[in-house]
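Here chain A shows up in two complexes: once beside chain B, once beside chain C.
Here is the complex of A and B:
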């Protein structure tokens, strides 16, 4: 069933109140896990309804996002607009636990893998399945926010890549940029052998203001960034790593799902890149995020296991 | 680490106790200084007694006993804490000193060579955490904690004159620091998520993963960013911005940082390290290039084309980047990529504007506007289906109006560049100038063609 037979385009999903804090180090766009989780839930519901498919990869494109943040002055840091939550059971006010929220519009493209027979069934019943998917997407939060509108839900066969790329304009697609992080780290290490990949994450977010002759720039200043020439790079979480051995089912007290094994993890980070659709890699399959687990790592990757993660 | 001697350790321990004692007796000494030696004898005696008690408390024998028997049990150590996820969480802390490196291009706790150990619990026991973080040899990066965790010979006799007792304390400290999870317990306030394994749906194969807050990592991250932004060097250089060209120095800034505060007004309830940074944590921005062209653009009834000077407002960011890339005299791959990135931004802004106009205006709106026909076909596509618009629909079908858009767009962009580089245009080599001009036209054509949906 590993063969991609169709693409499902969820065009311009408007989401309200999504989680804008994607990890302990980053904010600005929900974590990939928020979208992957929603697609996995959709997969389960489709299978329950009798459609034996595997939603094997997800492409994430962002049209628009408004992070609910505020700063009194351009030189201060942002803080998130907070909401006062309902009172507790005993009538006392609940303390404010800081959260970051965002309203956003995204398009998702989902790879559908199915057997030949199922794939024929899909072809015979495109509109019904599109309708069904539309309803199911409304039923489940995405990245912690509620879905308030979807412009279109459309199935394409696996040759529809060009049409899909068109439909994604003018959104930006989130791509894995791990190799750019390696590049930036190596560049930094030429000057400072102690520099780590964490320093490189910070470097990518940093602007260097350098004095230049006024004939080059009237202000006499030029702004340089390590990411220039690399595209729109951003730091982001790309999954988790185990930080303790796995517990057998039932061993971890207060687990919400004691029927499964449990494990303590921490988020791990890399770079992502926001890419304009007509500059996506020519191999469309590289644009889709997948779940992958290997040894101690639970990662979202964009390459199939066979190509090496 | 093998060169650390017992006397070095003893010195560090007694220095720590002396500092603690001095800090505690300071208010008493101040009070004492205000009193009159002849008149306030009883008060002086009382204060002296307090000081004597303090001295006693901070003696090696007493403090270590209290530390090992009380404090060590009241603190929970770890590099990863549950309370960072939610202040009400009572889940485990975990001490992760990962040695296995991550694959290249990934960042996690072990990316840092030395992780501090965080602690939370009874605030009255936090001095023990400070004790563990005391330097024995800063040059080699060795703290008291390092020696305890390695059960280094030099520290075995450091906690008590009684050798046996000292070893007992050592083991207690080590157990507290290692914080082994014998009876693992998470909490309803911890985040917990199900990670689907490859046959998740068919084989019901999931693993429940519980992310903990990496306060050891985030505290180092916080320090790194603060050092970069607020070092004296950077502050001075930043102030040089307004000085004469000769005195200017390069400086850095990290824009768009957001701050969250853990624990509100009581960061000490979260952990020792959190408390040190007043609960503040920095987050770096991962925002996509979002430009809101329509926020400051209004289509007027009398304008003949979208491609006029006001359009600059919609593409500010992209144009700025393009100007930068074009003014760079080098012609490296990096600069060419930068030019393409800038073009993507400009195109996306203009597409977005077109999209917004089509969505917000009701079909047929262009009847009342002076726009040229090609742009009416582009921006008011649904007018074709209205009654009595047969001519419009037919003409829209028949003409190659997309080409007009491409031409107008290229002309507009070239005008911007000519205007901007009026004075230095001659500095560009002709070949180079033609090259990027062609690049721009190609990019526009490719995008407009592939964005056919926008013309429907």
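Here is the complex of A and C:
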């Protein structure tokens, strides 16, 4: 319908109690879907208020994260800090469902696509829309956590890249690291031709402690990781894959929203990468996460459909 | 078709309360410096003081042997520095519109009925009474819990700006306000009530920034929230809540104090938190037993499904539980 006319910068959103369990296998920073969902909700509310825009992409930058976890000793596993819920009707303690939570400070940059007429309206009314967006963001949870503070909400026109990158500092931007995953896989295949992307994903999360005797210390040890040289890589969920045919609206029992179709899915994993804003790719549009839907895949990608996912 | 409670039904909270964090200062200095209050760890040699079995307690030799054992413990502790006598606690409360629309509901007919019930309440009773009670609980500093007990004076400032400027309400002595009554007249409470009511009605977006200056005395211990860790190991028996070095209180704990407004339960003597079963964790008691048909689910289902509106007090209670938020769906299993 339209092109990217503006960027909306939501600067340093402080979120309390966000969901730190991002998928069945990973924890820490909330899943991309948590942020995209909040932006989607913002989109709907803006349209409802009469502003015909499409929030087409989201850039996620993290300033600070504090996962609610505890480790009694540096060599033990972490366990999540839980909340104790009110007692049951008979006075006994309610059973505790383990959940992981995190407090974080993130900045989101949202691509705003609008028709020419609408984008002129936005230009005429910058401060009102900024104010409106600020209130809407406050009123909606992000990644399951509540928004307790936002430093600034600012609209930039589509030439404001440099300013935005500057405003994001200091932070790390979450990028898709698919190429690094392919790279690591190929490296592994040199030694073991049967290695797959899954092996590479596990390899990236592994530290190898190897004895390396040197003259100085005959019993020296060295730590090796497939990550080294690739930057700050993290395994992350990037979408869902259908594992059963789709059910028509109302067909699936106990679904949350019977007015929509439903489907059983499983999470798919890939690699993500934390990148300092100064080192982002020169094509700024490649830093934004988008939804993409293909056959039985539902993915979050950072490339436009035209460029191929 | 008869109406049934939706199997998936949940409400978002309408009072979005943040965690509270602790600072400290010296009230007697000319230009008080505010600094963070941190958590320290200490290891103590405790005494054996638990109840012992009769066989040990009645045998002096065995008792001596037992008492000689050192009871070593490592615990987290938070206290004011020796040159600071005032604890500063800050948090914020977001008041979101309460319209009776559930956040998820898988039965459209039920949702329509539920919304009409809530709209009826809002048109008839309005949220003035609830707002007044929430305001009173902010003003009386009940949310400081144990920190309130040892305090000499508590000064409260509520502002609509994040930096605490241009306060809308100032309460000079929060300790003087009664914890058991909600009919006190106080200009601070009135101002807070107005704001909360406007926020719940959706007339304006309200975010209250609350700051308390609690005079405790130099070096006195203060009480942040304790963390619930299912697997603590053997190293530390008490872990306190902190974020980036600041001691803090969990939002759940503040929220529980703010919604301690229920004086409508059977044989009520003091306000309890609006909870589905009237649960008070510290007393280990549920004050609204399903047997008496005075618990949330009995009242709520009767009201929505059978059009049997309870009396005024119970109506307030049911709405307070919805404002609190939670999952209220009827599972098929029970």
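Note that in this section the second predicted complex is superposed on the first by the 291 of 309 C-alpha atoms of A that agree within 3 Å, B and C clash if a C-alpha of one lies under 4 Å from a C-alpha of the other, contacts with A are read in each partner's own complex, and residues count from 1 in each chain.
In this text, a contact is a pair of C-beta atoms (placed from the backbone, for glycine too) under 8 Å apart; a residue touches a chain by one contact, two chains touch by 3 or more.
Bear in mind the structure is a predicted one, so any value in this text is a computation, not a measurement.
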Could you tell me whether chain B and chain C fit or clash when both sit on chain A in the superposition? fit
I'd like to know which partner A:300 touches here: chain B for first, chain C for second, both or neither. neither
Which partner does A:254 contact after superposing on A: first (chain B), second (chain C), both, neither? both
So, A:96: does it touch chain B (first), chain C (second), both, or neither? both
For A:79, using the defined touch cut-off, is the partner it touches chain B, chain C, both, or neither? Pick first, second, both or neither. both
On the A-aligned overlay, A:146 touches which partner chain: chain B = first, chain C = second, or both, or neither? second
Could you tell me if A:220 is touching chain B, chain C, both of them or neither one (first, second, both, neither)? first
When the shared chain A is used to line up the two structures, what angle, as a multiple of 10 degrees, is there at the CA centre of chain A toward chain B and chain C? 90
Contact-wise, after the overlay, does A:229 reach chain B, chain C, both or neither (first, second, both, neither)? first
Go through the superposed model and pick first if A:35 touches only chain B, second if only chain C, both, or neither. neither
Is A:263 contacted by the first partner chain B, the second partner chain C, both or neither? first
Which touches a greater number of chain A residues, chain B or chain C? B
Lowest inter-chain C-alpha distance for chain C and chain B in the superposed arrangement, angstrom: 5
Do any residues of chain A touch both chain B and chain C, and if so, which are they? 64, 77, 79, 96, 98, 254-257
Which residues of chain A touch chain B once you look at their complex with the stated criterion? 21-22, 24-29, 33, 37, 40, 43-44, 47, 54, 62-65, 67, 69, 77-80, 95-98, 100, 162, 165-167, 169-170, 172, 174, 178-179, 181-182, 185, 196-199, 201-202, 205-211, 213-217, 220-223, 228-232, 234-236, 238, 240-241, 243-244, 246-247, 251-257, 260-272, 274, 276-279, 291, 293, 296-298, 309
Help me check something: in the complex, which residues belonging to chain B touch chain A? 80, 84, 86-87, 91-92, 94, 96, 98, 100, 102-109, 111-112, 181, 183-188, 192-198, 200-201, 206-214, 217-218, 220-221, 224-225, 228, 238, 240-241, 245, 248-262, 264, 281-290, 292, 324, 327, 332-335, 337-338, 340-341, 344, 347-348, 351-352, 355, 424, 446-447, 450-454
If you look only at chain A, which of its residues touch chain C in the complex? 16-17, 64, 66, 68, 70, 72-73, 76-77, 79, 81-84, 86-91, 96, 98, 103, 135, 138-139, 141, 146, 148-149, 254-259
Which residues of chain C touch chain A once you look at their complex with the stated criterion? 7-8, 12, 16, 18-19, 92, 94, 96, 104, 106-108, 162, 205, 207, 227-236, 239, 241, 243-244, 250-252, 256, 273, 275-277, 279, 281, 284-286, 289-290, 295, 332
